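Below is one structure, written out as structure tokens, with a few remarks after it.
Chain IDs A, B, C and D follow the sequence of writing; residue 1 opens each chain.
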Amino acid sequence: MSYKSGRHFLQIPGPSPVPDRILRAMDYPTIDHRGPEFAELGKEVLAGIKRMFKTESPVIIYPASGTGAWEAALVNILSVGDKVLMCETGQFATLWHELATKLGLEVEFIPGDWRHGADPQAIEARLRADTDHQIKAVCVVHNETSTGVTSRIAEVRQAIDNSGHPALYLVDTISGLASADYRHDEWGVDVTVSGSQKGLMLPPGISFNALSDKALKAAEQATLPKSYWDWQSMLASNATGYFPYTPATNLLYGLKEAISMLEEEGLEQVFARHQRHAEATRRAVRAWGLEVLCLNEQEHSPVLTTVLLPEGQDADRLRQVILQRFDMSLGAGLGKLKGRVFRIGHLGDINDLTLLGTLAGVEMGLACAGVPHQSGGVQAAMAYLSDTSA
Amino acid sequence: MSYKSGRHFLQIPGPSPVPDRILRAMDYPTIDHRGPEFAELGKEVLAGIKRMFKTESPVIIYPASGTGAWEAALVNILSVGDKVLMCETGQFATLWHELATKLGLEVEFIPGDWRHGADPQAIEARLRADTDHQIKAVCVVHNETSTGVTSRIAEVRQAIDNSGHPALYLVDTISGLASADYRHDEWGVDVTVSGSQKGLMLPPGISFNALSDKALKAAEQATLPKSYWDWQSMLASNATGYFPYTPATNLLYGLKEAISMLEEEGLEQVFARHQRHAEATRRAVRAWGLEVLCLNEQEHSPVLTTVLLPEGQDADRLRQVILQRFDMSLGAGLGKLKGRVFRIGHLGDINDLTLLGTLAGVEMGLACAGVPHQSGGVQAAMAYLSDTSA
Amino acid sequence: MSYKSGRHFLQIPGPSPVPDRILRAMDYPTIDHRGPEFAELGKEVLAGIKRMFKTESPVIIYPASGTGAWEAALVNILSVGDKVLMCETGQFATLWHELATKLGLEVEFIPGDWRHGADPQAIEARLRADTDHQIKAVCVVHNETSTGVTSRIAEVRQAIDNSGHPALYLVDTISGLASADYRHDEWGVDVTVSGSQKGLMLPPGISFNALSDKALKAAEQATLPKSYWDWQSMLASNATGYFPYTPATNLLYGLKEAISMLEEEGLEQVFARHQRHAEATRRAVRAWGLEVLCLNEQEHSPVLTTVLLPEGQDADRLRQVILQRFDMSLGAGLGKLKGRVFRIGHLGDINDLTLLGTLAGVEMGLACAGVPHQSGGVQAAMAYLSDTSA
Amino acid sequence: MSYKSGRHFLQIPGPSPVPDRILRAMDYPTIDHRGPEFAELGKEVLAGIKRMFKTESPVIIYPASGTGAWEAALVNILSVGDKVLMCETGQFATLWHELATKLGLEVEFIPGDWRHGADPQAIEARLRADTDHQIKAVCVVHNETSTGVTSRIAEVRQAIDNSGHPALYLVDTISGLASADYRHDEWGVDVTVSGSQKGLMLPPGISFNALSDKALKAAEQATLPKSYWDWQSMLASNATGYFPYTPATNLLYGLKEAISMLEEEGLEQVFARHQRHAEATRRAVRAWGLEVLCLNEQEHSPVLTTVLLPEGQDADRLRQVILQRFDMSLGAGLGKLKGRVFRIGHLGDINDLTLLGTLAGVEMGLACAGVPHQSGGVQAAMAYLSDTSA
């Protein structure tokens, strides 16, 4: 290993920087997952994670990354050949579509331009047309990590209700939870999927399914084969604070600490902080004369900002220059956005000065890489942040 | 938290005590799993883990616990309704059976008494009888964590070969890898399943499938639905050091360190150390006048020793006394052995003095709990260990 | 580095094993020692350390090891040529004597056999004879780390009082604090010297002077040159939670955690635990047919036990055998005891099973090194510990 | 503790941010400082630290902060009443003066304006005038942490040589070592004093005396009382890798890692990096229309930049605003500069983006606190850094 002075700027939209308190919490010897000390830990994190989703219903914790939690959501409530309705909001919606297809589901994909969230009206229209209720579930990505666009989850709920359709409502907020406002119960979501390595500030390795009574009822009929992902065996063990197979114990230590930290700051303050940093970032982008990918003011992600480069510019080369010269990782353009955009993560354990260091790295990188732009982005962000600091 | 002086003795058969070097290695900030630094790490652990299995074929690393790797092994090579042959060697064989059934497979279970390993002759006979090759796979648990009995994997291979049957050969060495001698290639195993929290000395959270060409070929025909567990997408990404979805990065830091440590000591020395500690433990058990569960001298596990209590004694109460008075966790009797046995883990990062502290805790616990026994177990173990120390 | 399986047994009489909670507490970034966050930390540890000494008077915390705190105690209250009375209880008393001499003090040394504590009667007699009060200070080592003998501090106080002599009373409890009962105020000590790496379970690097009003008054007249050790500048800064020069911030993090841990267990429980482990150790030694160095039943150290080998046996070779074969560090014979004794530390963060592992290592080492002894030491300790466990 | 999102910006001129690698290296159990494993560590750090000072002579490592190493340098080579020549370059020179006085030395202080380094011509003149060689030592602070002004150590050496005076030459580079170019041997320094918590990136708690043959010879005659600081006992123990009293073992683990890191980057690259960051900082200060305290272009510190506020502005209030709003610690004005200046540390483990975050915090703080200034400082620094990045 060759020492490079200073701390790496990890400004991708997750994994987000893991704070020292969480790393230290995880850095304890693994305990017996069948002993009484574990049961206390288990009960504590199973209760705490519900508060993160704002739900009274159970939340399942898997030793798996978010992709596993996607799969879990589907296999617990659906059967081979079932039809699901998805919305093409970006790369992660596309990957969820692929996953569902591989599992033997029939997916209908409402097309999108990757610059808007899911369209409640289109969903309502499609459900109204589905008079024989072939569609078993509507799946929406809350915070599209590939685009920096959020979907309006409460409005989609309203759309489903308006249609009078009985489909289940599944939401992926892998990169939104504990950064962007999210309300599993109030918004009437049946299964919410999330992961550890974004707003919860943990390393990757555990992921979640928040449930509803309706989802639990549907699970009784679902016939897709499952064992590892099976909610029933999880819920049975969780009742006493345990898990049906070996859990990722040290990540649970970290989860306990993460929940404490988020509740010390207060979830509403956490959300406001993310909004403020996102606004500062957009002001910088506009001052550079560049375009924010998200086109709807109501749908800007508080978690990340995706920047569209002018035609002919290579965003991957820009990211490479920034990584080499300024030791900062930014998110790449994914799927059909490859090379066209880069993504600035501003989630999790960051503060004003880290964000400004980040924006300075982007602004210098644009200069070093010869991307046409105006300077002044950092200045614009500073003006906003100092005006709104307290 | 209330401080209790001294280090907890975690002498269950896994998770095993995580050494400081591994905890420290894992205690670094998570890096970008799409960046060049990660690719180096990925390539290094993907190469290193092959040496742990003694294979030239690929090894898949899942962000999941061992149960997930079991499921992965089955869904990649089998189709709904396929028949598999399993051997009732203990609780984990039983759980693997249940899992397979839940996935829609038809399992034939060769019965066993939980005191012997899988019977090569019975397997050979069953395969010979299966003249139309209905059986698609033979599944054997190498080191039964519930009994402390190992199965003779090479002899089972020989039995399959003798029968001339084309079934795939799947082995679970979740609790055996890097503690008990294991040779994926030499022993002709098609899929070996393992996990992180035993001989590899890591916390739980990653698990493995070691493959063979034959397994990879079978995977092309298998139709069980799969996405998270799908080998093909893993292999495609692994080729450049990456993973198709977010890996458990910090556990991979730990895996890199674990492989270094095991290779510093030397795998053969690691195996010999485990054998020596197992022998010392059995000498203690016999000096106490108690019975080792395993009945076949050739099949004693180097990883754990299961001790059968006299009729009428409650092993769970004994374990509770030991936990309360001496701050040591031992393994419970599982399934039909519940309350009849306790299990002493002597795997991973331990040494002579820790083993003797462990045996002292058991001997004192027997006294405190009023379990009829003779003293002298620690003395017997000390005699053996000092004679064989170097 | 070459990996050696298992945790090293550090059974020297200090540094004692540093518990994970303390290591993690210390493993945070250093903060600004002039900022408000530091002041809170400073006030907390300055208050907490007083409870460890059982004093209402100030305790000075030096960024230095215990030897520095010895020097500090002397230079703050004495002047060149002053006479001090010391007692030859062992190697550390001898080193304190040397240190005082190097500083220009005149030391009178009451001779001792290194197998008894300081003799209150001899001290009283000497002070009575010092009718013109030439002796300015009486210096006693509470827990002689080189011999495992404690001096009776309260009785020495009584002896000084009986003599009607105005000398200051200085006590070194570097290896006794937070392991052996100690009461700075009740026992009328003027300056108590201690360090971090024994009962406080910290790494070495900070040390202490607990003061009295009389000591503070004496400091006003003392003329030995001093700056780093000067109490006055310390007290002035400490009043607001700060230090006059850069403190060892990360060790203060650890100190805060150590005080919490000791108070969670309860200081009286901590003392009882040490007494119990010391008794178990002595029973082992006697079962081996070996001799405990300490000859007075009232003066056995709860911190360590020094074992005298039969004539002609080399204790250093024994320790070397034990280190090589069983990865355990024991204390060497120091000064005139070199090669004749070894010392077993049983202080700080240990428990019954670790102590038994330790004693097993000694018993096996005696066998391996060919030292004449009887087996059964571990057995004797087990009998005592299981009888007295709760 | 209440969670505050993001990493604190510790931009004081030391302690500097401790990198994760060093924290992890220190986070291992303390080992026996009398055992063979320690001797290897001791030899390695004693050899490595010499390379940091660029000396072939011994370097003493004290378990003490830098103030202790100052005291050590004086008491080892001087006797009560000896005369030393010091230069009033700032607060730390003033404190060293006070310390020397408290130890009974007679100090002559060449006055200074705190905006220039030591004046070689004034020193030469004073030494020439000292025809009977009353002056025993010349003491110069290399990098004045209170002012951000460096003294030209090689030129002072030349001045002493020119005068033909035999005085010893003592230099304090507590905050300069491993950040600013320093050459103990080449520059003919007799005793160099330094500490751990600046360029070496360690927590505070160990400090250094680099020696010369002439210093060692002088030590034979010096009569100031000493024991803890005594070079002779240190050198005797260090010969075999040990220390005469308990060392700060865990900081030595950190020192080993720090030396590795600095040598991985290369000391000359480390110096160049500090110069570049200092230049960027000065450009920011000038763009703000503020004044850098240091008046001599040749004497700008690469370690910190001291900024003079306009008359009537309160620098401490500014620092408080910045700490509260932007979670950044800056250095206060010390001594006669209190309230007039603030100090920006840019030493140790930092990089371009952290520096820019730092400067952004200052620029926003100036705005929030209403200090008259022009914006554009961050912009100026960015322009310089991107032009000079590689």
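Everything that follows uses one rule, which is that a residue touches a chain if its C-beta (ideal position, glycine included) is under 8 Å from a C-beta of that chain, and two chains touch if they have at least 3 such contacts.
Protein names from UniProt, one per chain: A, B, C, D = Serine--glyoxylate aminotransferase.
Please read all numbers here as calculations on a predicted model, not as lab measurements.
If you take subunit C and subunit D together, the chains in touch with both are A, B.
Chain centres were defined as the mean of their Cα atoms; on that basis the chain farthest from subunit B turns out to be D.
In this structure, the chain pairs B-D and A-B differ in their number of contacting C-beta pairs, and the larger number is found at A-B. Distance between subunit B and subunit C, defined via averaged C-alpha coordinates, is recorded as 46 Å. Separating the centre of subunit B from that of subunit D, both taken as means of CA atoms, is a distance of 54 Å.
Rounded to whole angstrom units, the spacing between the C-alpha centres of subunit A and subunit B is 34. Those residues of subunit C in touch with two or more other chains are numbered 17, 24, 27-29.
In the complex of the two chains, the subunit B residues touching subunit C come out as 1-7, 9, 17, 19, 21, 260-262, 264-265, 270, 273, 325-328, 348-354, 356-358, 360-361, 363-364, 367-368, 375-376, 378-379, 382, 385-386, 389-390. Interface residues of subunit A facing subunit B in the complex, by the touch rule stated above, are 8, 10, 12, 15, 17-18, 23-24, 26-36, 63-68, 71, 75, 80, 98-99, 102-104, 195, 197, 203-205, 224-228, 230, 244-251, 323, 329, 332.
Partner subunit B is touched in their complex by these residues of subunit D: 20, 24, 27-29.
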